[in-house]
């Protein structure tokens, strides 16, 4: 592999990883702080993408669509938490799996009713549609770099929020000791509502900024969900730092796995098995170090 | 029969920086009741947890019949003939008292991998369960769901379950907690009777019961053994009085 | 009349009604009933794990699917496989997979167990979907249903929907009976004890890991039986048979029906498939076709069940009776 190709794959891997982080970050917070397994999380990613398509058509550009979409998804998140999710806190994992599974069906059908089942493309904004030339024949799209940049910005914002604000302190405390936080007089209901809405908004944002490169199609939510669970498991439940490391790791394994050819025996080991390797990694972590790379040890 | 059947040597258990049990050496002999007493937080329950295999030891040894069992899992230790009762209710709450004991008795089968014949068809196991219930004073209460039993009766189920596993050694963690005077004296009688064919390690706060039934006392404070000896010795010891008995006041 | 007598009579009546179905109902109904019975076997196998042992598996479709693939791969092309060899083979394959995966995932518990079962099932799904093995994402067609002839004597022809229905019904009754017997056996009591208080079982001297593993393998084999029959019915196997969506659907059936009971998974699968077909048949009104979007009312139904029916439909019938 020559350097230019390697660089392209590396940038792709990082971009994919960062995007995964945006989605999985919310998932790990919801799981770690609220103790909720949210199977519908992938659906919010899909909703974000469809919002990007529909809003950019109506508002004329992606630049307007994104902030509008963020506002809408925050509202969606608050509404869902208040209506459904908060009833799950006292119920077990079984009910959570069930309810969020039903939620997937509801969200997908609503999407089908509102926006249909077709695959759509979302045009890149003019400003970002250029490509940076790397060699005579290869160029790297500016837009992909912008995706990574947006993810990095939000990763930093998330870091500042969690490590440097009082709210973040409450979130971290809530992750390790729910009862303590409550007994300190902090309104746990509002905290949970905020965390859930944050998770939804991040997933939707990821969908919005990814839409121009990944296109907008019905199965995109389900596709990304299980990978996100792998990220959360590898990184450690409740750890945002772990989600970042896990997401980048998976981004690298998946991207380079798909372009590397490694025949072992009769079977072409990679790229065929690249998809499987993510789950293999997840399984290994679960068996060897269930708390993940950065999670609290059991 | 004076060789100790259960013995610990410098047994320790740490939780991070906290030494819950530190350098504890004691011995239990067949036909004897060895009581472990001490203030709350002295490490008595932790000691039993380590002996029964529920918690791994951090250092030291546990010897059963001369054999080192320190690293064994709880299920292996139970199969060797060491049974325990729990201080915090640890029963099968949705099941009847009979079913709790029946399961305990069933554990003595070489294997429960039988998939067809009904479990209740095993009269031998049923009889063993009924026997242990009766021994613990719960004859006739077998059909009651355990969560509907009084606290004292639940403690009796704990004892019955331990007995149903036909042990040689009984590790009893506060069996009298929450019992009334009449129930307590009945259990004390039971302990005296059981002591004849078992070795009993008894953790208790009820000093009347302890002095009525124990052959040896070990006093633990802050995870360590303060003093160990006969009841008279302990009662007379000034150190023990200062540390524990005086404050507690039987 | 005592409760168990009432239940026994009800069971016999239902069984007779089921046996008479092909004689009174049309083809579509019989085929639909066959589908319900197959899903009921699948749901019963998962209930063994979730309801009886307390092990929430989100990857149970793996054993369902692998058995279907086993049939597809062991069938000579365009010809019928031998029922009496291909079915045991498929069930053994499912059991072997369950043994391999169970030995690993049963080291975890709680939410990690749920995730681990999901991970392994997805691995298998990925393997079949992404590689060229076994037809990739298109899957494999099974052109001829297995031959159930016994040394030349063909009492049933699985190509006939009525005959196939009877074979499935018979297997359903066998599985139902087996699980009923299993629950009351020595093994079943250990599993029940593990569900209620596993640490206590260990302290009583039971090697709980072994029993959980055997339970996992049994559940896997029964799921394999259902997967084999489903492959026969639909004539095709594809990776979605192992996907988490399907694992989620069968989990829903188990919870909807009522976990830990014998009839629960049967009622749950019947209810779920009936709801599905009911929602799909909603009449079109003013150009709006609700039938096409049947997953919306289904999703709402699932959410309501999760919130308000913790004991499922059988819980409504039993109304707070203490377990065992």
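For clarity, chains are labelled A, B and C in written order, and residue numbers in each chain start from 1.
What we mean here is this: a residue touches a chain if its C-beta (ideal position, glycine included) is under 8 Å from a C-beta of that chain, and two chains touch if they have at least 3 such contacts.
Values in this document were obtained by computation on a predicted structure and should not be read as measured data.
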Would you kindly say which chain has the C-alpha centre located farthest from the C-alpha centre of subunit A?
B
Looking at contacts between chains, which pair has the highest count of C-beta pairs?
A-C
Report the inter-centroid distance (CA atoms only) between subunit B and subunit C in whole Å.
44
With chain centres taken as the means of their Cα atoms, state the distance from subunit A to subunit B in Å.
51
Mean-CA-position distance for subunit C and subunit A (Å)
32
Two or more partner chains touched - positions in subunit B
none
Subunit B to subunit C touching residues, read off their complex:
52-54, 73-75, 78-79, 84, 90-95, 99, 102-104, 106-109, 112-120, 122, 145, 161, 165
Note which residues of subunit A are touching subunit C in the complex, please.
31, 37, 39, 84, 87, 91, 93-99, 101-110, 112-113, 222, 226, 229-230, 233, 237, 267, 272-276, 278-280, 282-283, 286-287, 290
Which positions of subunit C touch subunit B when the two form their complex?
181-182, 184-190, 193, 196-197, 199-208, 211, 214, 322-324
Parts of subunit C lying in touch with subunit A, wherever the complex brings them together:
50, 56, 58, 104-105, 107-108, 110-112, 114-116, 118-120, 122-123, 126-127, 129-132, 244-245, 248, 251-252, 255, 259, 293, 295-296, 298-303, 305-307, 310
